[in-house]
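Next come two complexes built around subunit A: one with subunit B, the other with subunit C.
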Partner chain A sequence: MSEIRISRQELDVLSAMGLGSCIGLCMYDPTARVAGMAHVMLPESRSGSTGSESLPGKFADTAVPALLQQMERVGASRARLRVAIAGGAEVFASSSVSPILAIGRRNAEAVRAAVQRIGLRLTAEDVGGSTGRTVVLEAATGLVQVRMVGGKAADLVCLGQAR
Partner chain B sequence: MGQLTADDVVARVRDLPAFPAVVTQVLKATRDPDTSAVGVANILATDQALTAKVLRLANSALFGFPRRVSTLTDAVVLLGFSTLRGLVLAGTAFGMLNRRVDGYSLDKGVLWQHSLGTALACRSLCQRARRRALADEAFVAGVLHDLGKVVLDSYVGEAFSQIIEIVTEQHRPFMEAERQVLGFDHAEVGARVAEAWSLPVELCEAIRFHHEPANAPPENLLPQAAHLGDIVALSLGIGVGGDGLNYPMDGGALVALGLAPEDVEAVMTELPDIMVDESAWQDLDR
Partner chain C sequence: MAVDASNLTLLQLDALKEVGNIGAGHAATSLADLLGEHVVITVPNASIVATAQLATAVSRPESTVVGVLLRISGQAGGVMVYAFDEADARRMADTLTMQPPGTTQEIGELERSMVGEVGNMLTGAFVTALAEFTNLRFEMSPPMIAVDTLATILSEVSVTAAALGDYALEMDTTFVQARGRLEGRFFYLMDENALTAILTSLGMAG
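Let's look at the complex of A and B:
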C-alpha cells in the first residue's frame, strides 16, 4: 500500500493487490519502456497528516507528481506517458451516508484531476463497483491486466501500443 | 450441499478446535474485580504456549515498554486486564483465522490481516470517539467478526456462483445472498461460534450484527464499531475476498458512536501506519 514502484526491467511485472477503494495507478512510456505504478489510498494529503512526506504514494495529489518524477529520473518523457487506473470500489450506499465516505469515487476523481494537472489524460480505466481488484502492469509491453478478486482477469489496455 | 440446517451449523461449530479452557478462565478472572494480577498470572502460567504468547506480545513494539517484561505478573500489570483480554482472545483466534479460506477467495493469512486491520480500526474509531473503555472490547470484536467465514468456507465455496449472481443481478448485499442460498450467513454462524465459546453476549451481538448494526440492541455499541471498522479495512483493501465490498454502510453507526465522516477518513489514513507496527502478531505462528 502507498507504494510507488518503477521498472525498466523487461521481465518485471508491477502489481497492486487488494484494491478496495484504493486506486492502482499505472503509467507507461512505450518508447523508453519505463513502467510505473502507485497504490493510492486516499484523495488528498493534508498538512500535518501522517505519511504525506515519507509516502507520497498514499495520496492521489502527491502520488501522481511523485510517480512522474521517479519515472522521468530513469528516462521517461512526460509527453509520451500513457496512463491507466483501476480500483475505486465502494461499499453500498456510502455516498448516501456522506459524500466524504465515497472514498472510491473520490480517489478516482482525485487521480483523474492530478493526471490532468500534469498535462495528461487517462487512456483507460476500470473503476467503481464493489468488487476488489488486483491490477498488474507488464514492464515489457505496458499491458495492464485487471483481476477481480474471486473472479476473472481481463486485459484493460496495452499502454505500449501506439495510440 | 445446499442449505444448512441449524443442526448442521451446531455440528460444524463443534468440529472446530476446542476453545482453550485456560482462556475461558482468564476471561472470567479478568472480569472479576476481586482478582489480582498475580491471580491472573497464575492462570496464564498453567499454559506454556499462552505464557509465551503473552510475554512475546508484551515485549513487542506494540507496547513499547521501556524495559524488558520478563514475568507474567509484570505483563499483566503493565497491560491491564482489558488489554490482556484482547491479546489472549486474538492470540487464540489467530490459529483459526490465519488459514486460507477458499470459499471466500482468501489466501492463507489474508483473513487474519483483515481481522487485525478491522480490530485496529475499531479500536482507533472508539479512541477517536473518546470511548476508551469501549476501545479494547471493540478490538476483540474486530478480530472475531468474520470467524463465521471459516465455518462456512466449503458451503460458500460450492455455492459461490449462485451467491454472487444474486449480488450482481439483484444488487443485494453478500450476507443476504448467503442467507438466501445457504439459509445462514457468516455473521450469524460466527456469532454461534462465539456463543459456543461462552463469550460475552455483547461480543456475540457484535459479530452477529456487524453488517446490520441497526438490528442490534441499541445499548450495545460494539456492533456499530465492528461495522465501521470492517468497512475501513475493506475500503483500504485489507483482506478483501470474493465477497468484495458488497455490503451496506449504515450511517446510524456513526451517529451512535458520535463520530463524523471525517473521523472515518482519518482512521483510514492512519491505519496502514499502525498495521506496520503490529508485525509482532506474525510471530504468533510459531
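Let's look at the complex of A and C:
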C-alpha cells in the first residue's frame, strides 16, 4: 500500500486492492508504454502523518509529482500522459473506528487538484459510493479495470487508445 | 523497553495465543447460550503481522466478508475486527433464526445486525480474557458492521483509525457446532504502545 509502482514490461499488471477511501491513481503513456500506479491514502502530507519523504505515494499532493517523476525517468513524457482514478468511497461513515470525516471525497478532490497542478486532466474516474474497489492497470494496453465487492471487473477506460 | 514486534519469541506469541484460547472459551460459553447448542471454539493460528502488509498478507483478501469493528480504548487500545466470510455469515444467520442451512440468501440489515451482535460478543470475550490476564483496563465502542472485501476493511481501518501502531495480532478462529463449522478471522490492530503494555503485564516483555 501507498507505494508507487511503474512498469514498461508488456506482461505486467499493476493493481491496487482494498481501495476504500484510498485512491488508486493510474497514469499511462501510450507511446512509450509506461504504466504507473500509486495507492494514495491521505490528501495532504501536512496532516500530521509521518513518512512523506519515504512514502510519497501515500499523500495526494506528493504522490502525483512523484509518480510523474518516476515515469519520466523511464521515458514517459508528461504531455502524453493519460490519467484515471478509482476509489474515494466512504466505507465507514464517520464512526468511533474511523473518525476522519469524508476522507474518500477529500482524497478524490486532492488527487484531482494535484493532477491539475501538473498540467493534466483526468481521462476517467470511478469514485465515491460506499464500497471498496480494486483497480487494475495493464502495462501493455493501458486498460484500466475496476472491480467492486461481489462484482465482476468492469472496464473503466483504455488509456492506451487515442482520444 | 518497547517490545520488538517483528521479533517476537515463540513464548511471547504463545502467550498471546493462550489469551486467545481463554477468550475463545468464554466466547464459546456465551455463544452456546445464544444458540442453545454446544459450541467449541478453537484458535488454530495466531501471528503478528505488520499493519502495512495486513490488507495484502491475509489469505483470501478479496473475498466478501461481514466485518464487525470495534474501537478499543484504555491501556492497550486499537481496533478489533472480526471477519466472517459472507457464506459463513449467512449460515450463522440461519442458525440464529433457527432456519435450515441455505435459507438466508443475502446479507440484509437484519443479518448485519445479528452478525454484529455475535462479533461484538466474541470480541468482548477476547477483551475480557485480555483484561483478566493482564489486569489492564479496556473499553469497547459499540460495534460497526461493514460488508466488503477483507482487503478494503483492513486497509480502511489502518488508514483512517487514529493512533495505530505498526503491528496487528491476527487469529484464525473456528467454531464447531453439531450442524457444521464456521470460521472467523480476528484482527487486533494495536495502538503504538499496546503490544508492549500487554506483554509487559504478562511478564513477557523479555
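Methods note: the second predicted complex is superposed on the first by the 150 of 163 C-alpha atoms of A that agree within 3 Å, B and C clash if a C-alpha of one lies under 4 Å from a C-alpha of the other, contacts with A are read in each partner's own complex, and residues count from 1 in each chain.
We take it that a residue touches a chain if its C-beta (ideal position, glycine included) is under 8 Å from a C-beta of that chain, and two chains touch if they have at least 3 such contacts.
These figures come from a predicted structure and were not determined experimentally.
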Report task. Examine A:Ser77 and indicate which partner it touches, taking first as subunit B and second as subunit C; both and neither are also allowed. Result -> neither
Report task. For A:Cys22, select first, second, both or neither according to whether it touches subunit B, subunit C, the two together, or no partner. Result -> both
Report summary line: Partner touching more residues of subunit A, subunit B vs subunit C, is chain B
Report task. Check whether A:Thr131 is in contact with subunit B, with subunit C, with both or with neither, and answer first, second, both or neither. Result -> both
Query raised in the report: Looking at the overlay, does A:Gln161 come into contact with subunit B only (first), subunit C only (second), both, or neither?
Result: neither
Query raised in the report: Same subunit A residues contacting subunit B and subunit C, which ones?
Result: 1-2, 17-22, 41-42, 91-92, 96-98, 100, 103, 131-132, 149-150
Requested in this report: Please give the residue numbers of subunit C that touch subunit A in the complex, ascending.
Outcome: 52, 55-56, 61-62, 64, 69-71, 79, 141-142, 144, 146-162
Report task. Show which residues of subunit A lie in contact with subunit B when the two form their complex. Result -> 1-2, 17-22, 41-42, 49-51, 58, 87, 89-94, 96-98, 100-101, 103-104, 130-132, 149-151
Requested in this report: Could you pull out which subunit A residues touch subunit C in their complex?
Outcome: 1-2, 17-22, 41-42, 91-92, 95-100, 103, 131-134, 149-150
Report task. Spell out the residues on subunit B that touch subunit A in their complex, using ranges where they run on. Result -> 104-105, 160, 164, 171, 173, 231, 234-251, 254, 261-262, 264-265, 268-270, 272-273
